[in-house]
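Think of it as A, B, C, D, E and F in the order they're written, each chain with its own count starting at 1.
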Amino acid sequence: MAECVECGAEVSLHDNLEVGEIIDCTTCGAELEVIDVEPPELDKAPELEEDWGE
Amino acid sequence: MAECVECGAEVSLHDNLEVGEIIDCTTCGAELEVIDVEPPELDKAPELEEDWGE
Amino acid sequence: MADLTAGVVGASGFTGGELLRLLAAHPEFEIEQATSRSYDGKSVGSVHPNLRGTHPNLRFSDPEELASVDVLFTATPHGVSMEQIDRFQDAAETVVDLSADFRLDTEAEYEEWYDGHSRPELLEESVYALPEINREALPGADLIASGGCNATATILGLHPLIEAGVLDGSEQVVVDVKVGSSEGGAGGGDASSHPERSGVVRPYAPTGHRHEAEIESFLGLDLSFTCHAVDMIRGASATAHVFPNGPVSKGDLWKAYRGAYEDEPFMRMAAGGSGVYRYPEPKAVAGTNYGEVGFELDPSNKRVVVFSAIDNMMKGSAGQAVHAANVALGLNETAGLEFQGLHPVGSP
Amino acid sequence: MADLTAGVVGASGFTGGELLRLLAAHPEFEIEQATSRSYDGKSVGSVHPNLRGTHPNLRFSDPEELASVDVLFTATPHGVSMEQIDRFQDAAETVVDLSADFRLDTEAEYEEWYDGHSRPELLEESVYALPEINREALPGADLIASGGCNATATILGLHPLIEAGVLDGSEQVVVDVKVGSSEGGAGGGDASSHPERSGVVRPYAPTGHRHEAEIESFLGLDLSFTCHAVDMIRGASATAHVFPNGPVSKGDLWKAYRGAYEDEPFMRMAAGGSGVYRYPEPKAVAGTNYGEVGFELDPSNKRVVVFSAIDNMMKGSAGQAVHAANVALGLNETAGLEFQGLHPVGSP
Amino acid sequence: MADLTAGVVGASGFTGGELLRLLAAHPEFEIEQATSRSYDGKSVGSVHPNLRGTHPNLRFSDPEELASVDVLFTATPHGVSMEQIDRFQDAAETVVDLSADFRLDTEAEYEEWYDGHSRPELLEESVYALPEINREALPGADLIASGGCNATATILGLHPLIEAGVLDGSEQVVVDVKVGSSEGGAGGGDASSHPERSGVVRPYAPTGHRHEAEIESFLGLDLSFTCHAVDMIRGASATAHVFPNGPVSKGDLWKAYRGAYEDEPFMRMAAGGSGVYRYPEPKAVAGTNYGEVGFELDPSNKRVVVFSAIDNMMKGSAGQAVHAANVALGLNETAGLEFQGLHPVGSP
Amino acid sequence: MADLTAGVVGASGFTGGELLRLLAAHPEFEIEQATSRSYDGKSVGSVHPNLRGTHPNLRFSDPEELASVDVLFTATPHGVSMEQIDRFQDAAETVVDLSADFRLDTEAEYEEWYDGHSRPELLEESVYALPEINREALPGADLIASGGCNATATILGLHPLIEAGVLDGSEQVVVDVKVGSSEGGAGGGDASSHPERSGVVRPYAPTGHRHEAEIESFLGLDLSFTCHAVDMIRGASATAHVFPNGPVSKGDLWKAYRGAYEDEPFMRMAAGGSGVYRYPEPKAVAGTNYGEVGFELDPSNKRVVVFSAIDNMMKGSAGQAVHAANVALGLNETAGLEFQGLHPVGSP
């Protein structure tokens, strides 16, 4: 378990977590990067800027 | 001008035609491969088999 | 500039509104009158929002008081024109009727498919509108019967095969048509409300559709005809499955279709090729007077599948009517009908 | 509560998502694994928003590392299952494959309609899923081939006529199918972008559609098959035009259909009646595992028109697969498949 | 199995049909009566095709002869319930009314927003249904007023900000709502025919919408409310633009929403993330009793944009009504409301 | 007949295809070149099926080899024009660019809203296209920047209120825009596939939309801007909620709008009235270069709600570009832009 840096909800983690892995928060959907595993720590993953066209 | 092998309509050709070029017939839409340039000759281009899913 | 005056009876309806739009942009016509009983006195833009720009001052008037015009287009439900044809012909030298009232040739056919006919003596003199099939009969005609939308789609698809002798009229022909909701006209009932009509593939007129009469009469063959309502507003798409008696090649088919339509100003062919639009489809002709036809050969079943697509509001009614009037009156055939359609386009 | 474990390979796809939804609400299954190569590690709700509620903590995992489960559902593109069938069968006693890989009976058919088969020896042992046709072969089966969506719609419509002897297999049969955009799967190309795909009646696979093989093989008749894409997301609607050799009455037809489907938990009949919904249509069964069939008689053409409608994501794939698994494993046949569908409903 | 009997007045309507569907699958209810004046005697499946499977033998009956039931759901147009409330309460201990007749607190509000109220003395005893806001008032209530669909969407979006003190009621609040065509009920007029209603973004009730009353009364703030009809059948999506007086961080907002909804069985949050579905949208909850809420911060304008999405037929009416009845009667809160919705899905 | 030659860079795209359609029917232009890298050598009809009729022999060619023309329209993604502007200006005296590359006035704005600008010195000489706002700056301009679609809709709605002094720029302004799928161009990703994009009300660019820059720069006010994708293909509908500082009457509003637009050839007003179409809506202008604006007064909230609707492919891009070219070159302003639109019409 770790806390989502976006919304504060608990994020369940799987066993063989690796640094650099991207997981999403199931409460808010934020993409989170695993920055440490012992203890698990998450940070917001860099976002792709989206181009909406027009 | 050359004749479309699919539908028989005249296909207008541009000046610097090259062998291997693919053009489409504007009457029937067939994809035609330029197989000779002097005089211009066209043949049906090999078609991609389509997978419709399901 | 415009030399001819025109009137539209049933101008608040769907095909009536299209007629107003086409006539307004037509170089040779001036709209003299647009009738509606329910909207008498209202501006046409209050019903047809697209006409706010061009006709700010045109108002609906009472069909009981018909102005005298050169051409009268009548876009009323089946039965009205046959009852009122004398009044219509008094008002105009040329009457173009969009209903089914003068499409068939004989009283007997009206007995079989409709509820009979009150003016059968006019059936002989009336001329079917579709110029691709009937161009030479149109010049000078004074009672023109514009074709049914599903009939038009089907006839355009099959006619070349009969002309070219690929079909002789004895073959099995199955026609499966898909239509948009504007075919039902502005009235509509429960089944055409948005929640019930959206997203449908709904069999309607599964057998015994009245357009069968029209098609069989013009093509001289028997056919098994079925319609489905699908989720679009404009458009009729006919898929004919035919089984020629003898062997047929793609070349034979192209010859038949190119022979029939290569010089037609409003016909386009699509039968294969690459890209997204390989066969006829209604949205490629939506808003236009074009018809698209195409086909595919199914050698293992000795079948030819013929596709045709039109906009029922245009080639299937108002556009065909104006096209026919152009030919009948000796005007430029494509006058007022040049719009090319849109891409991309949804379900117009 | 749940006694059996299940896995889904291809769980990020359209039919894979449906399988997750059905299995999650199924009283007898526990989802053990949901694979995706592209979304490995992500929550299933990030792809299938409807699953955010039930599966907050289920994440996609790598298909290379298959968990051992009781039943493995494989929802991958054609060709994947035949290559990986040994791995799949190692992971589970019962494999239910949703692709075309194990549907046909013989290698020769795969040569004719596909690009051959890499494991032809398994074709004999695999069982076609459709319980209405094949229920007795399912109990204990360990390789189940869920049917094609268009094939399912067509087979459900025609099977009763063959069973009842109305058709003997020698007749002309034309099948005209209309399908929604989810048939193409989550991949999709140019032709399936919203601007290009909206509002279409687009011939696709006009002849030579691969489902023809499946249908002909199961029904024992030749058929002329054509598909059109129409504007809906879920749904396959098959209209079959058949010409029985002898005379047929409405009574004969009702007898055939009632005989076949009266006791089937997922079949409904609609053939006339009043109101808006008189014949089968996809939106009446959208989201459900129901199939609707109906017909109309066209005496003047000696034709019977047969309509059938299913949701391709359900009766046409994921629902059929779960239904077959229920039968194969001796569970309650309707378990997890009780949803009744919606009214009003657009094009789900 | 089922211990309680239920009746539905207005069962041929859109929300009435949903009630039948939900009650039929509900473990605790048995449907005793479904009324319709226009379809008296007909089977419910003739109007609601999805119910052909489950209710082959249930027929509409006359609302003048109400059966005695445990719970009576009344889904009639505004005005009917207030006139007939005595008959309804005679027939059932618990009445759940889906109309606006008992939603507001005071006669004065009915004078201002409607045409007054004929039974104002009942307004105090009636309880607003929405359990997320009003759960504690529901147990034992015998007159329950199910909320308006647009009001429900808006209240669910804004309530957490008020609870958490982000808004104090003095701020500018603009709410722009987009709704589907089922909101108009089965009646519908010209504007809701398929050709006119398809593809719209049509301002309707641009100002002075009656749901404003309901929202302002429950939230204790003034709001500027505007509705647009868009092309879907089910769904209401509310976008609220609010301008808090003090500084607000994303953390504050998450705290407010998680605080309000984390434990709610029917509420989901979506506010960013990746993939296609990043914010609430109606099709992600179509067919379900879920509500989705989310937000985005616009620091440069000191604005918070709040999104919320529901299915107006479910969380916005029939689902909310059943949910409230579950709470009122002490049943399992989610009983009969477990459906998770579909993916992919069009515009259900 | 046609005196001027034109080229289109990006002619295989959505706005490029519209340009070809408009130029082909334009009395003063001859199309000299239509570029596409991906479809080099193919007929334009293979991509834009509506052009099969008019341009049977026009083929795409390589943008690296630009023909010399009188006017070059460039319809490429953001960033391309600023990189290639020298080549474009070498090829043509007048360049009309449809991208955002030359819309803003200063380098600083490009730093804030985009990724900077590589040719900032050209920003001063470029002229914003929208003739209703900027007509007098256009004659003789040689670098014209056609406006953004959402910006155009918003500016057309709000500009009259600023001109008339109803707003002074200090007020709260909330703009909620609904857009069709063609705004995304022919590219499109996962989110724009038909199954995912159909039936949506999907918040996108909820805050910080780049068109905010354009609007604020032209109108001189701050605004809170949010976009939603809805289920249509063409169309942008902007609803602005504004709160004037002083009292405003309907008369004041009509005066402002009539003052601004009464003589404009492409502007229509709709604000109440009867019938189905009472306020601006995209489908009433679909396929045309018209803009519709209208409003409603909300006295209880001291709010004015302003509605405006355009076709993003026309008034929002290709139509505006041709309109601006007409003005810049001293041609008849409405040349080539006379199409009136359709009724009935779905979601074109």
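Observations, loosely collected:
Just so we're on the same page, a contact is a pair of C-beta atoms (placed from the backbone, for glycine too) under 8 Å apart; a residue touches a chain by one contact, two chains touch by 3 or more.
Protein identities per chain, from UniProt: A, B = Lysine biosynthesis protein LysW.
Predicted, not measured: the structure shown is a model, and the values here were computed from it.
Shared contact partners of subunit D and subunit E, listed by label, are A, C, F. Two chain pairs are in question, A-D and A-E; the one with more C-beta pairs in contact is A-E.
Distance from the centre of subunit A peaks at C, each centre being the average of the chain's Cα atoms.
For subunit E, the chain with the farthest CA centroid is B. Work out the mean CA point of subunit B and of subunit F, and you get 37 Å between them. Between subunit E and subunit F, the centres computed from C-alpha atoms are 38 Å apart. Put simply, the C-alpha centre of subunit B and that of subunit E have 59 angstrom between them. Among all residues of subunit A, those that touch two or more other chains are 24, 27, 29.
Across the assembly, subunit F contributes 14, 46, 52, 182, 186, 195, 198-199, 232-233, 275, 286, 344-348 as residues in contact with two or more other chains. By the touch criterion stated above, subunit F contacts subunit E in their complex at residues 172, 174, 176, 178, 190-191, 195-196, 198-203, 206-208, 222-224, 226, 228, 230-232, 235, 237, 239, 241, 243, 275-276, 278-283, 286, 294, 296-298, 300-301, 303, 305, 307, 309, 344-348.
Looking at the complex, you find that subunit E touches subunit C at residues 14, 181-182, 186, 188, 192-195, 197-199, 233, 346-347.
Interface residues of subunit C, counted against subunit F in their complex, comprise 14, 17-18, 21, 24-25, 42, 46-54, 180, 182, 186, 232-234, 268, 270, 273-277, 284-288, 290, 313, 338-348.
By the touch criterion stated above, subunit C contacts subunit B in their complex at residues 250-251, 254-255, 258, 262, 269-275, 278. On subunit B, the positions that touch subunit F within their shared complex are 12, 14, 21-24, 26-27, 29.
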